[in-house]
Amino acid sequence: MSTTIKKIGVLTSGGDSPGMNAAIRAVVRACAYYNVECVGIYRGYQGMIEGDFKAMGPRDVKNIINKGGTILKTARSKEFMTPEGRKIAHDNLKASGVDSLVVIGGDGSFTGAEIFNEEFGFSVIGIPGTIDNDIFGTSHTLGYDTALNTVVEAIDKIRDTANSHNRLFFVEVMGRDAGHIALNAGIGAGAEEILIPEEAFGLDRLVDSLKKSKESGKTSSIVVVSEGDKIGKNVFELKDYVEENMPEYDVRVSVLGHMQRGGAPSCFDRVLASRLGVKAVESLLEGKSNYMVGLQYDKITLTPLEQAIKGQSEIDLELVKVSDIVSS
Amino acid sequence: MSTTIKKIGVLTSGGDSPGMNAAIRAVVRACAYYNVECVGIYRGYQGMIEGDFKAMGPRDVKNIINKGGTILKTARSKEFMTPEGRKIAHDNLKASGVDSLVVIGGDGSFTGAEIFNEEFGFSVIGIPGTIDNDIFGTSHTLGYDTALNTVVEAIDKIRDTANSHNRLFFVEVMGRDAGHIALNAGIGAGAEEILIPEEAFGLDRLVDSLKKSKESGKTSSIVVVSEGDKIGKNVFELKDYVEENMPEYDVRVSVLGHMQRGGAPSCFDRVLASRLGVKAVESLLEGKSNYMVGLQYDKITLTPLEQAIKGQSEIDLELVKVSDIVSS
Amino acid sequence: MSTTIKKIGVLTSGGDSPGMNAAIRAVVRACAYYNVECVGIYRGYQGMIEGDFKAMGPRDVKNIINKGGTILKTARSKEFMTPEGRKIAHDNLKASGVDSLVVIGGDGSFTGAEIFNEEFGFSVIGIPGTIDNDIFGTSHTLGYDTALNTVVEAIDKIRDTANSHNRLFFVEVMGRDAGHIALNAGIGAGAEEILIPEEAFGLDRLVDSLKKSKESGKTSSIVVVSEGDKIGKNVFELKDYVEENMPEYDVRVSVLGHMQRGGAPSCFDRVLASRLGVKAVESLLEGKSNYMVGLQYDKITLTPLEQAIKGQSEIDLELVKVSDIVSS
Amino acid sequence: MSTTIKKIGVLTSGGDSPGMNAAIRAVVRACAYYNVECVGIYRGYQGMIEGDFKAMGPRDVKNIINKGGTILKTARSKEFMTPEGRKIAHDNLKASGVDSLVVIGGDGSFTGAEIFNEEFGFSVIGIPGTIDNDIFGTSHTLGYDTALNTVVEAIDKIRDTANSHNRLFFVEVMGRDAGHIALNAGIGAGAEEILIPEEAFGLDRLVDSLKKSKESGKTSSIVVVSEGDKIGKNVFELKDYVEENMPEYDVRVSVLGHMQRGGAPSCFDRVLASRLGVKAVESLLEGKSNYMVGLQYDKITLTPLEQAIKGQSEIDLELVKVSDIVSS
């Protein structure tokens, strides 16, 4: 491949997700494979501004493919939102000879990359890393599959105690404004109901459904609630409402929280990270810029960053129906 | 063994814990081994009142040793707290030919067993089943070891994201009024601070300690807080206090919740359950009654139920010191 | 939907795989949802011949979505390979009013289904269930994703000890004649080399590669070997050859074995099983027969059974290259 | 504490085991706590001879408490078995100012430590680290509890497929000449038979027992075999013998292998490692030498190294009986 790319910087930005380390490893090793230099940038855009760089070779990324989090750390940078901040960042990159960037993160991170590209003509490729799966242009974001497994394993445990006590549990899961985690993990965990932001599901319908479920012989129930759900109540208010209307139920709440962001990545996320990391480097070397690499129809593809940012990652409505059927 | 015991009833009562199924299995199979009948009583004392019984043989308990929860289900029974309720329960047992009981549960369950023994001269043996490890007369209650592993695995995941973001996390764990889970899982998870009910630990000392920790180079921190901690604040108030006094820190809270009660039991809990279940049956057959079987100094022992209920399961102060040293 | 389908039989056949129970659950509940009867057939085609049937409703499949293995059990039936055996099987189905079949299994099971369809005009739909991912017409077979996670978790553990001792490990994984498990789990586990049946990889090249790897600073290595690898040697002979040619290496072998077939299914497999089970029932109700339901380009599709049996599930060559790059 | 100890060396030796890193961390941090220097010695005694040392402070051991293996690596050293080799090792320690040693390993490692102490009057404390639990003077060695969990989780998976197929599995587990792992994991996994070196268990008795088991209604069986079992046959010969004598059984073998040595340590092993590491340092500082720290009756104790090496860690015969009863 013949481009002018000589030194690639790689950073992780925004919320961390399992698989980011595997992606960093793939970027670093792809650089070595293609004989370009690689520089790790710590704490995302903030580290770019502070010049927190480190040259990275294949041995620097050994034994990280199975580690959660990100060895490059991540941060949110207010300074990078200003032209002055970005100027400093650019100067630092120039001074270090870095001529292109791989940005691993979510749409906020991609917006930063796009502006940076626009202002300085800097070559950038994005890798979608977030457990929320809310990025257009990829069927899976890095960490999403791992988070789904973390959630179903946690709910499997909660189910043990729910069954033993004939209880109803509301389990809140992450996902920001998207219901992907709730819908898939809800089906996977055998939830009786799944509340997602994409679907209006009134409180009365919920109570009706739970009553029907109880009549059909169910003695315990799990309701999975997406943190972004718009039913108008948080999960504790939901609990109160149901308890008032179904006094026969012993209702509990569990907010799974930040453990969903950690843990050893699943095999799927490790392989996806490896493929995306390699493709990101190859794309830069082919002279491409301002794209996100992603997985579409089982193939690694490129989507313009602008589309990735503005597009909507839709819920699969077939899944909503499957959920209704199998929870019967 | 020559006693008059012919039919043993077994029940689980109070909060469920991993290992209860393994204990039920051991009771049922020990009955078969010693040629006495065994009857499963559903939903604890409430099922005793409702006559919810089922004869159980070795095949009824196959493939449950590794399942969380309790196949006999558990419940809290207000009716059993009345003499009338207990009379009905006793009549039901008599009518079914059940002449002795194995009660798997915590101190509340043992209190019920003791009163029942007192009122009707009924032979009872208790097996300590609770994740809280707050029972006198046993170094380990059933489910405690499993819960510790569940907690450290969850905190390992939280640590991934805490490290990536340089964050401080307050993680609330179960344990009722006892700090066993917090102290042991806190050491196991490498927590920087552990707040337990047995130890006064002022807010100022906490902030001081966290500041010192930060100065020594720590960039992220985990503080494990027992749900029974008496620091005078709940875990969300703790967060607010620390954020006010350490504005440089990004603080998050995670309440691990009911997943701590479920999951496949650890090998330790499965073996302990097997030993306790066998010993409970053997003790009844030897004419013993009103005892709890437990693990003391690696041996299965008998402790009078009264002592098990009134005694205190103390925190090991050596561990508090070890925690201070290794979190440095 | 208006067909003449009134009673659907469901069976699992061939080697078991995680997710089969989730698929059974989905079939049973989809039947209930669409108001057709459902009959579970035990031990595959052998149970069909022996008339080992059981009517199944939604409550019969509760709490199985997260269980490995198959509650319907599975077996290989020689009798079903004879026209006489199939005649008996057909008579049994007729007598029970079963008018259509969902067969969960691999290509051997599908061949049986196809012949049965041909001989008796019986409506059949196949669901691909095998960890090997060697079925044409679906990007993923049920259990494959779970097996990948089981394998990488096992190799993660082996890596711990390999690193501590500076050892070389040959790890043999399942997959029959297909290298899918080896290739994907090998990338996921960060293997230095991956030997698959689809790629000739001479012994000399292996030794060369390991020597280069050692020179580049690697102190331990994992080589993942597919059980179907055609390098001409089994994994123990491989070990001997490498030890002879690289006496400086301490070489060990680990054959992961049947644990790869068990375990709680991953979220992916649970969701896939739910989708496939629902679609299988819907397809029968729509009058379709002799198809396999599968996942293609993220959508549930139908592939004629004949194609599914004869087609080849190809290795993705992009992955072979990715593996070369990231293992550098 | 007032001794002349100023600089403590720490090493891991022999086979690695989960918890070794947690012990290293505790030693390093206890040194910091008590204001003595700490030096990590790589690759056990071999690194001592090669002068492969590194000064270690609290930050060097961050985030290792939950990692399997040993960051100090381990090796077997032939050179250290010679007086010349030990002389060089001693000279290296002297030159580095190291005046005392913490040796984490098994009895082979302790023998080296004892000789070293004898020859040079060097202060040494041993920490028992091996999954085999075959060290006298401690109820648990580091890594044993983790290995038990690894084994039962693997057998849980094998059980899934054994149940689905009505198969008999021989599962070989580690333990060298001791049956601790086999006996405890066998009970924990609900094995039908457990073959350990400490108990003669003829082939005929095995077949008898399996036949009885089958008659009682068991359709699948797990037999756990210790690698050190003296039944006179290896696990594959066992399979052949049983197949010959019970042709109705479909028999399989699984050798769990080295994955038993790795993995994140259990909470128990992390806490034990922390306690032992702290106590090892405190003992040196109190002027003690030539002891092993261990866990006895729930307390941390000291046992003369000589006894730890010569003594026998006995199997608990109560467990053998419990196993007979609960496997019925």
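The first chain written gets the first letter, and so on, giving A, B, C and D; residue counts start at 1 in each chain.
The definition used in the following text is that contacts are C-beta pairs under 8 Å (C-beta built on N, C-alpha and C of every residue); 3 or more make two chains touch, one makes a residue touch a chain.
What you are looking at is a predicted structure, and each value in this text was computed from that prediction instead of being measured.
S.K.: Could you work out how many touching-chain steps separate chain A from chain D at minimum?
M.R.: When the steps are counted carefully, the minimum from chain A to chain D is 2.
S.K.: What's the chain with its C-alpha centre farthest out from chain A?
M.R.: Farthest by centroid: D.
S.K.: Same or different: do the copies chain A and chain B touch each other through matching residue numbers, with over half of them shared?
M.R.: Since more than half of the residue numbers are used by both chains, the interface counts as same.
S.K.: Just the number, please: Cα centre separation of chain B and chain D in whole Å.
M.R.: Taking the average C-alpha coordinate of chain B and of chain D, the gap between them is 28 Å.
S.K.: What is the distance in Å between the mean C-alpha positions of chain A and chain B?
M.R.: Measuring from centre to centre gives 35 Å for this pair.
S.K.: In whole angstrom, what separates the CA-based centres of chain B and chain C?
M.R.: 39
S.K.: Would you pick out the residues of chain A that each touch at least 2 other chains?
M.R.: Where chain A meets two or more other chains at a single residue, that happens at 156, 159, 163.
S.K.: Select the category (line, ring, star, complete, other) that matches the graph of chains linked by touching.
M.R.: Looks like a ring, each chain touching just two neighbours.
S.K.: Which two-chain combinations touch?
M.R.: Going through each pair of chains, those in contact are A-B, A-C, B-D, C-D.
S.K.: Would you tell me which residues of chain D are touching chain B in their complex?
M.R.: 25-26, 29-30, 32-33, 58-59, 62-63, 65-66, 139, 145, 148-149, 151-153, 156, 159, 163, 184-185, 187-190, 216-218, 264, 266-268, 270-271, 274-275, 277-278, 297-300, 316, 318-319, 321-328
S.K.: Which stretch or stretches of chain C touch chain D in the complex?
M.R.: 12, 15-16, 18, 20, 67-70, 73-75, 150, 154-166, 169, 252-263
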